[in-house]
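In what follows, chain A forms one complex with chain B and a second complex with chain C.
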Partner chain A sequence: MSLSFLQRLPARGFSAAETCLTALRNQMTTTLSDSRHVQNAGYQLSSKPKKAPIKIRQPAPSLLPKGSEPKQLLEQKLTSELDPTGWRRQLFQRSSPLALRPGDVVRVHFHSETSHTFVGTIMVIRRRGLDTSVRLRSEVAQLGVEMSVKVYSTSVKNFEFISRAVKKARRAKLYYLRPDEKKGK
Partner chain B sequence: MIYLKSILNVIDNSGAALVECVNVLGKGNKTAGRVGDRIVVVVQSIRSAKLLAQTSAQNRVQRGDIRHAVIVRTKKEFQRHDGTVVRFDDNACVLINKQGEPIGTRVMGVVARELQQGYSKIIALAPKIA
Partner chain C sequence: MVVSRVMATQRSALLSSAALRRILTGCSEFRSSYSTSTSARPDIPSLSEFISSFTTRQVEEPVVTIPTEVHTSITTTIPIAPAAPGHRRFKRSELPLPVLFDSPHAALSRKQLPKRTGTIAFKRGMMSIFDENGVRIPVTILQIDRVEVTYVKTLDKHGYFAVQVGAGARHAKNVTKPMLGHFSKAGVAPKKTVAEFRVRDENGLLPIAHEITAEHFKEGQFVDVWARSKGKGFSGVMKRHGFSGLPASHGVSVSHRSAGSTGQSQDPGRVLKGKKMAGRMGGDYVTLQNSKVVKIYPEYGLVLVKGPVPGPKYAAVSVQDAVKKPDVE
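Coming up: the complex of A and B.
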């Protein structure tokens, strides 16, 4: 920056510092070619159009009363639909007097054109509420067949109780009824 | 789950006793065979001549024959649409010809209900259906 401009300035008694600053400002103003500069520019601020404000939606009104348990309500609703008379609960609830136990022999009747049934010993009762299933094992034509039946399935018509376990099983899950592969058949 | 090298029992009177799976047909690469699937098998052992009395000499299979078969039982459990899960204690098949008809005239033992689609002849011959 040359100092020759100092000679061109009117002698009006300004201080040297002020004179310098003004000169500097003027010089910078003239050298900047971009017409969109802002006042104290040594840099350019972007002047893009402002974005539209983000819409904040209000939450939808709740379908359930406040403080209610949706999972429990759903389970109650489905249980009343799938088991209105309650016979499935009676057979598979531990406390019920009619409850089935591992070791009992049971015949399942299915809703089908061929009146499909399956007889077997209860090996496993898997209690999971609506997802409760019972695994039956039987020998059909000298071959072991296992069937795991969903208790609350609409295709299950009935569980017919045939006989109680001879001796109360000392296990909840009777996997030992399967043949031992290593010993040979 | 039946695939290459699986040994299956043969439950018809075609003559074969044990077969080894060589290929699972109609499925993607390395997809295991399930009940109702068609497989290519090699006969590994045959039954005694007494049982074969009913089968004609043409239909009788020899050791080393390559045949088609349909899987009728698997030890691997399979699920039905109503959530029922079924499992047999062994893997078994019935030998069939290229048209899907059984070679033998009798079927011994249990077969799975899944054969109703496509293998009604085997279902008709089967003494028990699970």
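Coming up: the complex of A and C.
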């Protein structure tokens, strides 16, 4: 406390202790009010008890490898299970050298006791991975018969290649092989 | 004669014979309230005593024993849980009354619930598999991703038995503080979705932080699957309700896909409530019952369920043992 400060005090009958206390309080006030951090002045601020921080646990890693789709994973797994030797992929993947083409004649062998085989011209090859199917057309007792065969089905034993198309079909889907119904009427 | 202080048992004041005599004879003689010597004339009641004999009502509580089993009109015995202090909806009267048919306790006993809890799974698309006979089965791939029990509800505290389960993972910065606290208390990492599954009794409850995997289900069992269906937006009457619309030609002007008439004439003179009209379609809960679990891949946490499942790809789907099929252990 400076002398000038004391001289500024009002000329009243204060005791020395009172004067000091008042001066100190005023000093505290000015200090506190000048401070940028404290808004309210004149009394001691109590510190609030801080809440305990929430304990956050880390998640376990996912069972699926990162960036993988379950459908892709399962398809790969099932393809290797249903086609271990890979002959289905050889016959029906477009890029394969032994690939079947529309127009080829093929015999399908089944595991069933009742219907052992079916012979026919390949009309349609529908490539959908595990759902790949082939539509065969043939004439059985003067009656046109078409059969759709799921290539990866467990009931299909084998595809026997009989003959290549005489002339390369200029279409992927040979629906024109079906007789024109309007002509008969 | 000694004046006995009477205990009123049924809200009626019983007067002592001496007091009664005093009233009947019109005697207004009472012992002075200032006199301290009660032994001088004990037969005469003081005025305050006389008045208090009318006003004191000390009802003795009847002793009631609550039976542990009560037979009602339903031919099953319902075990009665003690009155739950915290759950006022399920508070029962302490008197030995039979359980009413229209009470929450009776309703709970009638409710058809699965024994075990269910899980949340994420729909990850569809594919087809072949069974041993060569039959093609279309399946939906459901991924059970880091599913853990976050909370358990019991009859005493909540009025029913249920297991709350959380699935997936979410960054803590994207989870609200209340939910962070909830997961922290359960001892699990912050989850993407949380859902509750009701179970029949306390045997179906699981400990908190218990992990539920794809092996929770068995191949060949039946499940109920429910989820919010795909939203179709504001759809017209033909899509929403299967109306046939109007002919494409023959003079029909502008209203080929409209509903046509919406009611009768002067009677009732208004459109009836619930009239099928265009509006928002989809985005509501759809349950598919008795879907078969075809195959399980525990190494990937995948469950293959026969047929379609409501909701879009990557949506959370609830799966639980079928209610209409025998229990699964």
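As a working rule, the second predicted complex is superposed on the first by the 121 of 185 C-alpha atoms of A that agree within 3 Å, B and C clash if a C-alpha of one lies under 4 Å from a C-alpha of the other, contacts with A are read in each partner's own complex, and residues count from 1 in each chain.
As a working rule, a residue touches a chain if its C-beta (ideal position, glycine included) is under 8 Å from a C-beta of that chain, and two chains touch if they have at least 3 such contacts.
Everything numeric here is computed off the predicted structure, so don't read it as measured data.
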In the superposed arrangement, which partner chain does A:S153 touch: chain B (first), chain C (second), both, or neither? both
May I ask you to name which of chain B and chain C touches more residues of chain A? C
Could you tell me if A:F118 is touching chain B, chain C, both of them or neither one (first, second, both, neither)? first
Under the stated touch criterion, which partner chain does A:V145 make contact with: chain B (first), chain C (second), both, or neither? first
Does the superposition put A:L177 against chain B (first), chain C (second), both, or neither? neither
So, A:L73: does it touch chain B (first), chain C (second), both, or neither? second
Which superposed partner A:A165 touches (first chain B, second chain C, both, neither): neither
State which residues of chain A lie in both footprints, the one left by chain B and the one left by chain C. 150, 153-156
Flag every residue of chain C that touches chain A in the complex, lowest number first. 124-125, 127-134, 136, 141, 143, 145-146, 169, 172, 177, 180-181, 183-184, 187-190, 297, 299-302
Could you please specify the touching residues of chain A with respect to chain C in the complex? 54-60, 62-64, 69-71, 73-75, 78, 82, 111, 130-131, 150, 152-156
Name, in rising order, each residue of chain A that touches chain B in their complex. 110, 116, 118, 133, 140-150, 153-156, 178-179
List of chain B residues in touch with chain A within their complex: 73, 77, 82-90, 108-110, 113, 127-128, 130
